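There are two complexes below, and they share chain A, which is joined by chain B in the first and by chain C in the second.
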Partner chain A sequence: MAATTETTGHRSAWRIAGKGIPVKDAREKVTGSLKYAVDLEVQGMVHGKILRSPHAHARIVSIDTTRAEALPGVLGVVTHHDTPQNVWENAWFNYRGKILDGIARFHGDDMAAVAAVSEDVAEAALGLIDVEYELLDAVFDPEEAMQPEAPQIREEGNLRDPYVVEWGDVAKGADEADFIVETEIRFASQQMAPLGRNACIAEWNGDRVTLWTSSQTPSELRDGIHEAFGIPLSRVRVIALPSGSSFGNWWSANFMLITALLARKVRKPVKIELSNEECMATVKRRHIEISRGRMGCRNDGTLTLAEFDHIIDNGGYGFKDDVGFFCVDNWGRAEHGHYAIHGVNTNLLTAGCMRAVGDVTLGSVVERVADMCAIRLGMDPVEFRLKNQIKPGERLRMQHSRQYMKGSLEQYLEGISEKQRQEWPKLFHLSSGSTDEILRKGAEAFEWSSKWKGWGVPYAVDGPRRRAVGVGTGAHVCGVEFEGNVSAVVRINPDGSAKVHCAVGRQGQGSETTQAQVAAEELGIPFDKVEIETGDTDSCPWSHGSLASNTMYRVGWATRAAANDAKRQLLEIAGREFFDSPRQELDVADGVIYSRDPNKRNIRITVEEALNHFRGTDALGQASSITGRPQGPMPPASTFARHFAAHFVDVEVDIETGEIRLLDFLATQDSGTIMNPQVMKNQMIGGAICGAGFAIYEALSFDDDGRILNANLLDYKLLRAADFPLRGDVIYGDSYDPVGPFGARSAGEAPAAAAGPAIAQAVYNAVGTWVDMPMTPENVVTALDALH
Partner chain B sequence: MMIRMTVNGRAFDLDAKPHERLCDLLRRALGLHGVRVSCSEGECGSCTVIMDGEPVTSCLVLAMQAEGREIVTIEGLGNEDNLHPIQEAFIEEQGFQCAFCTPGFIMAAKAFLDENPDPTEEEAAMAMSGNICRCGAYPYIVKSVMNAAARLKEGGSVSNTG
Partner chain C sequence: MIRQFDYLRPDTVDAAIAMKSRHGERACYWAGGTDLMLQWRQGEVTIDHCIDLTHLNGLDGIEALPGEIRIGAMATLDDLDRAASMHPVMKALGDTARLMCTKQTRTLATVGGNMCNASPGADLSPLFVALESRCLIQGPNGRRDVSMEDFLTGVNTTDLTADELLRAIVVPTPPARREASYRRVARTVVDIALVSAAVSLTADAGTITDARIALGSVAPVPVRVQEGESVLAGMALGDIDAKHLEEAAGHAAAVARPITDVRAGAGYRTRMCPVLVRRALADALGRLGGDE
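Here is the complex of A and B:
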């Protein structure tokens, strides 16, 4: 499908798109009947447990499983000696390694696994595996790990090539500035803290394997099994079940591959169920990031320069060289820019993409430095953002596709047909939306101009308590083209119902509902006649899954295109058999096919009748169901689509105890058409709470040996109901995207990026100084002490 | 060891291991998967059930401590054909995303509204703070509790054991 000529004016005609329909699985969710992977069992299943390294960096010299194998009830043990030595990769370099290779790269790393008749026996057997380790020097600090003499954690070395985004001439940007401000920030690591844990069941039938697990990325997991075991994709079936809160934790994880390895060894279905501690200490976390940056500004408030040098620690198995930092685009009006990102491995738990990766961290730094410019000018932060943030049609700076599309960017562009060029939005220019409208609407609804009293000035002082407001913005991509393009299949059944097949998983963000809305609106059949499969790789075509804010924009595009193709076929049949009309004269509404020709108004054929017409007469059965798929390539979203959030917060800081309370919070967002406002508000507020956790509560704590000290929900503090303002209303921008389905773009990550900068700025306004994140009472008091 | 308890209005004799937790027994022996287990240390509240009218985190209760007690789980509150007003309220306000925590929140809300049928939003928020929703649906969870209070006051039909 080409870019659309629809506009916001078309919205009034929609019956399903844009409606706040309760999510499809609402009844299962409130009755507890929804099944997650931890709830699943299969006939004849046995249980697996993983042996974990007690060292941060070590090599197995010898491993003896004799005593473990002799324990009654043990069915088998796998070590690196049983493991195919193929490297598998998780999506976007979140993991790169072998399933087991006899080297521990972080405390808690997978070393071996046992299958037994019960979890208790498997656990007991782990203690009977005799391992002799050779300890290796470990490195935990990202900057130390970058040094050539540092212990090397991977064959490829610790340090990735820098990922650079640059435009203009930074020296010129510095010359043209009336002043330059700079800062350095070191962030702690946030943990996904995935409520609900996870499990995986693997079963081999002959040389075919089936996995059941909670995953956002069923296709990527299938690819991982294919790579690691060296077997054809056709022999791998992944059935992704709904997950608890994931935030990026449940893509593909090595424990899933270990489950498959164990199941192959013992020739029985094996289930590995992770404990809460394993979920928090052995899978993934947000990167530790260190950023140094400066911005140059004219006295009129125009940015001339943005220059940032940013380090991300990948832990043991991450392999990223960039973190998807779309704050660069949001502040891309700076005339000259240079951003360099350095990915480095450490002997800490693997780090990977957590919700709004990069834009939570580097975004906070860029917003901070921009605020420092505004402070210097005494300019209102809303005004400073309006002046310096990107507008639709302007040049984007991030050129992700350069890396992930096949060949070079030039080759990619050469491969685009002239027709596509004309149909698609202008590449590397923002297609629609920005912070502009939502900042204005939000400021008005929040009564910003009466609450903001100037930089570092609280609006109320009551004893030790200071109250002030802040504003922050965040942006993120709407999907990235790495590793392939997404697809979807829409099938119309003989009874007039339809089924969507798209591999986006189900992590609670409502995509099973919003994708079904897209299909139902396009097909013209009632919403309750559309069902959806999001997890079975045997029926769903390839998709990245729910990551990089892909789902509504890119998968939604594919779902609409597939529905459009199915509808085209349906109308061709109906035109030929019932209307004697070309399909272009026909349409479907509420499950009924009708003609726009006034002379044929009396012909009304239901979708069910149209399909059933052939059941008796069409010997080949070719039309008893219709299968639609996208008929052309999707425009490359990363080159023109972003989503934006602006958050307004009112805080109270107690300067004696250092405690921060959030008094009021207003979330606004520009995601184009809002496919389902009920789903959307939860994405916005949920994102804000994730970002607020990063800003004021959450940090993993490591000991001197790289072990995580707070891998539990007692010591790792999360916000609770009374910690976040109860106001639940949100504000949407009114933009209409030319490519996204029915004008929609993506949603889930920009809100996680906007909350932190808003809270940090409000705290600054309350106490007159910046506080390190997470802004715990201790960090608040430390920052206040430094003032004196 | 055999333990007799009443679960969702019916009596059961259940064979429990000596160290078995109540949450595991309810899931294993009775297939009550609405008893969700996440943190296993009483922090997240996902496994909340009502024991003799009091909300308890069933990961911190040994199965044998439930001997002779009356247990209500989410499955006893309502089912997909006959939702409890609190469940209807959670749907109307969309007080969830992934919903792993939802049964625990609904059971906590049930116990809270039994005690305080006419709460303020602040009281409801405080009462819901024993549970964790990592997706961050909190404002809508609190609205769900207020919505449920209104439904229950109107005498919404409650025909089941809850």
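Here is the complex of A and C:
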């Protein structure tokens, strides 16, 4: 399946796609019976604990485990001396390193681990491991870490090659501008702050290993085990359990590999269960990002230039050289542009992709600078966005793909047939959707034009309280193809039920429901006859997992293609056995196979009847399990697909205390077809709260030794439901994607990117100055002081 | 390292105190457990014996007595919220209780436990100080009472000796009209105060007869703003204008001794003291004048 000729007009015929069906696991979740990794136990299991570095940068000179091993109940200890020294990589370079190599690169880094009969014994044994460290100079500031004389944290050096996107001619863009504005922002690090903890159980049977853990990237974890242990992929089985809210935290994590290492050493299943603090202080976080940039603009409001230099700190083990910075595309109408991204390691907790990576941070800077242009012009921010943001068919500037190509575009496309390419959308051009429609619809529903009183002008003043509105936009990708093609398997069983196998994990965003909807709609069978496996790598083909907004667009495409392939096989059989028709004349609706031929209207065979027909006589074995899979590669999504959000917010700022309250919040979204409006609304509001939390409160706090001071939910402040205004509806754009399943695109990340800029702008309008994030009461007061 | 404790369940207050006397410092009373459980799990306290107070008679309940309201130490924060209409002084306490933690936690956490935990950031303690509250204490040798100001002695420390138990907190209800108010800066809806202020104003025949101002989260224990209090004491209600409130509140910054921590900077905390005092005074004053 490639590009489709379907349009929005097809939506009325759907029975399952686009419907607000309750999530499949609602009952399990509400009753608490859904099993996450922390809930799971296996027979004969013992417990592991990890010894953590008390230093931000140090080398183990000697490690003596004798006393720990002598403690009754201890089964074994692993150190870097009994660890394979292979490098493993997490998806998108979110981790690159060995499981244990005797060097601490951040405070709390994994140094050794103990397996024992209970957690308490394991923890007691940690205190009996005698370690002598050689302290190494540490560096915490990303800009200092970029200097050649800085302590080097990795053998590859601290600094990655810059990732550069450029078009046009920056000097020309500056010449063509009537004015240029610029700014610099330093962002604090956001923590995914998962509400649930994670655990991993590993068990070896001979030379094969099985891991149970909560992960949104089962395939990538399987690959990591393969790399780290140097064993064939066929000997690794990952069973990914639901993770609950993850936001990027629960991909692969080194503690999972340590669990496998311990289990191999003690020849028993081992479970490592992380504490709340370990979940927040030893796995991952959003990068600290520093951005400097400028935009040039004509007096008529046309942007001529965008030039940004952006630094991301990778912490100890991140290896990222790019941020998926799709704000570049969203604001890419300027004819001249230059963006450079510099990844650099620091002796802080590893940083990696968190929800809307890059677009939350760089996106906020780009929106701020764009707003500064609009302020110069006195132009309405909605209008300025309508004028300068990308429309369908226009060029994408963020040619992510090209950075990864070994040669020219032509070489990249080698092996792809001309016919297939013709079915694809035009590469490096936006295929569908934009902010245009949602900005217009949102502004109308929000009554923007009556609430917006001009730049820096509140609409209401009540003593020290100022009320004002703001608008912000965000964009993100719809999955990226460079780490592998996505696939899915759909099996139709002889009883007419079907099972989808796709390795997307379950991080609470409802993919077990929406993927099943895609399959059920394509197969033409009732939704409750479709079940889904999202975590077992022995049954699911490779998938990138639920990251980079991959799930609905790319996995959904694969699920639909697999269902289509299974249906083709089913109709082949039905055509031959019952209709005496070619399969092209047949279709399935509500589990009943029928013919479009008017003369065969009276033949109606259920899927179950069709397949049971062979029971006991299926000499060719063709009906016992129909297995469908995509019959070709998915078009390269990163070269044409994006999703968009526009948020409208009403805030109240207390200029004496600096407190910000959100009074009203309207989320609008362009994601093509909305597969399930109930699930989608949850995603949109969740994304907005994530972005709003980053804008107002969320920030990891590090001490002078790089230790995290607020790895707990008491002092790491997440917005709660009652902090967020309740508005019933999310407004959706009506675009129809030419590639995604039933016209759907991705959804989950742009909302996290749009909320911050909207709030920052509303605060600007309330108090007349920009406040850097997090806009805590104290930071608001400080910014107001600077104004006077 | 292997953490466990003995669970003890006394039948009477006397039995509880006897257990505490017998087992000493590493025996803990279990009231609501909402602080204790966390502290124990995080290794901040070591417990050998846990003495469960939750089944004892006579420590819970909120009672209106002549001239005072007696809040049993085992009354929950939720009880405090629900007792708000009992008396004007209880309104501020109820309003404040409702700011604390979540409904679920409020049904477990006790008022006495909150005071005995003696967090510098506790919401209720500055308000109890402003309301002239006293603590009723029982030990092996009998009962005594002490003002809330003297009960709280430092960060997580109180005037209680190792074998004493807090029975109740008594809030006076003078015959004259008294209104109290509490203001704080916090981050999200579920947070502890970054900085707070509590005031109580008592008026008789249109004149302020007593003014009390206390700050929270700016020192190990609540801090009285006595110079601010004396600005208002003796003034006729009708004479008090915004300037007087500003002047009274202005004295707050001088007595605050905050620290800088992960929640807020000392400078910010100090600066917020006069703002919060002024707002709390205006609120209490508004209610004092309102019905007369």
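Following the convention adopted for this analysis, the second predicted complex is superposed on the first by the 777 of 788 C-alpha atoms of A that agree within 3 Å, B and C clash if a C-alpha of one lies under 4 Å from a C-alpha of the other, contacts with A are read in each partner's own complex, and residues count from 1 in each chain.
We take it that contacts are C-beta pairs under 8 Å (C-beta built on N, C-alpha and C of every residue); 3 or more make two chains touch, one makes a residue touch a chain.
Remember, predicted model here, so these are calculated numbers, not experimental data.
A.B. asks: Would you sort A:P777 into first (chain B), second (chain C), both or neither based on which partner it touches?
C.D. replies: A:P777 sits against chain C, while chain B stays out of touch.
A.B. asks: Answer with first, second, both or neither: which of chain B and chain C does A:A124 touch in the superposed model?
C.D. replies: The second partner, chain C, only.
A.B. asks: Look at A:I60 in the shared chain and tell me whether it touches chain B only, chain C only, both, or neither; answer first, second, both or neither.
C.D. replies: The answer is neither, since A:I60 touches no partner chain.
A.B. asks: Between chain B and chain C, whom does A:V328 touch in the aligned arrangement: first, second, both, or neither?
C.D. replies: neither
A.B. asks: Report for A:Q509: first if it touches chain B alone, second if chain C alone, otherwise both or neither.
C.D. replies: In the superposition, A:Q509 touches chain B alone.
A.B. asks: Which partner, chain B or chain C, touches the larger number of chain A residues?
C.D. replies: B
A.B. asks: Identify the partner contact of A:C200: answer first if only chain B is touched, second if only chain C is, both if each is, neither if none is.
C.D. replies: It touches nothing on chain B or chain C.
A.B. asks: Which positions of chain A sit in both the chain B and the chain C interface?
C.D. replies: 714, 718-720, 722-723
A.B. asks: Enumerate the contact residues on chain A facing chain C in the complex.
C.D. replies: On the chain A side, the touching residues are 120-121, 123-124, 127, 656-659, 697, 701, 709-710, 714-715, 717-720, 722-723, 776-778, 781.
A.B. asks: Show which residues of chain C lie in contact with chain A when the two form their complex.
C.D. replies: Counting only chain C, the residues touching chain A are 1-3, 185, 187-192, 194, 262-265, 268, 271-272, 275-276.
A.B. asks: Using the touch definition up top, name the residues of chain B that touch chain A in the complex.
C.D. replies: Residues of chain B touching chain A: 32-41, 43-44, 46, 73-75, 78-80, 83, 87, 90-92, 94, 96-103, 106, 121-122, 124-126, 128-129, 131-143.
A.B. asks: Quick check on the complex: what are the chain A residues that touch chain B?
C.D. replies: Interface residues on chain A, with respect to chain B: 22-23, 25-36, 38-39, 193-197, 242-247, 275-276, 507-510, 678-679, 681-683, 685-690, 712-714, 718-728.
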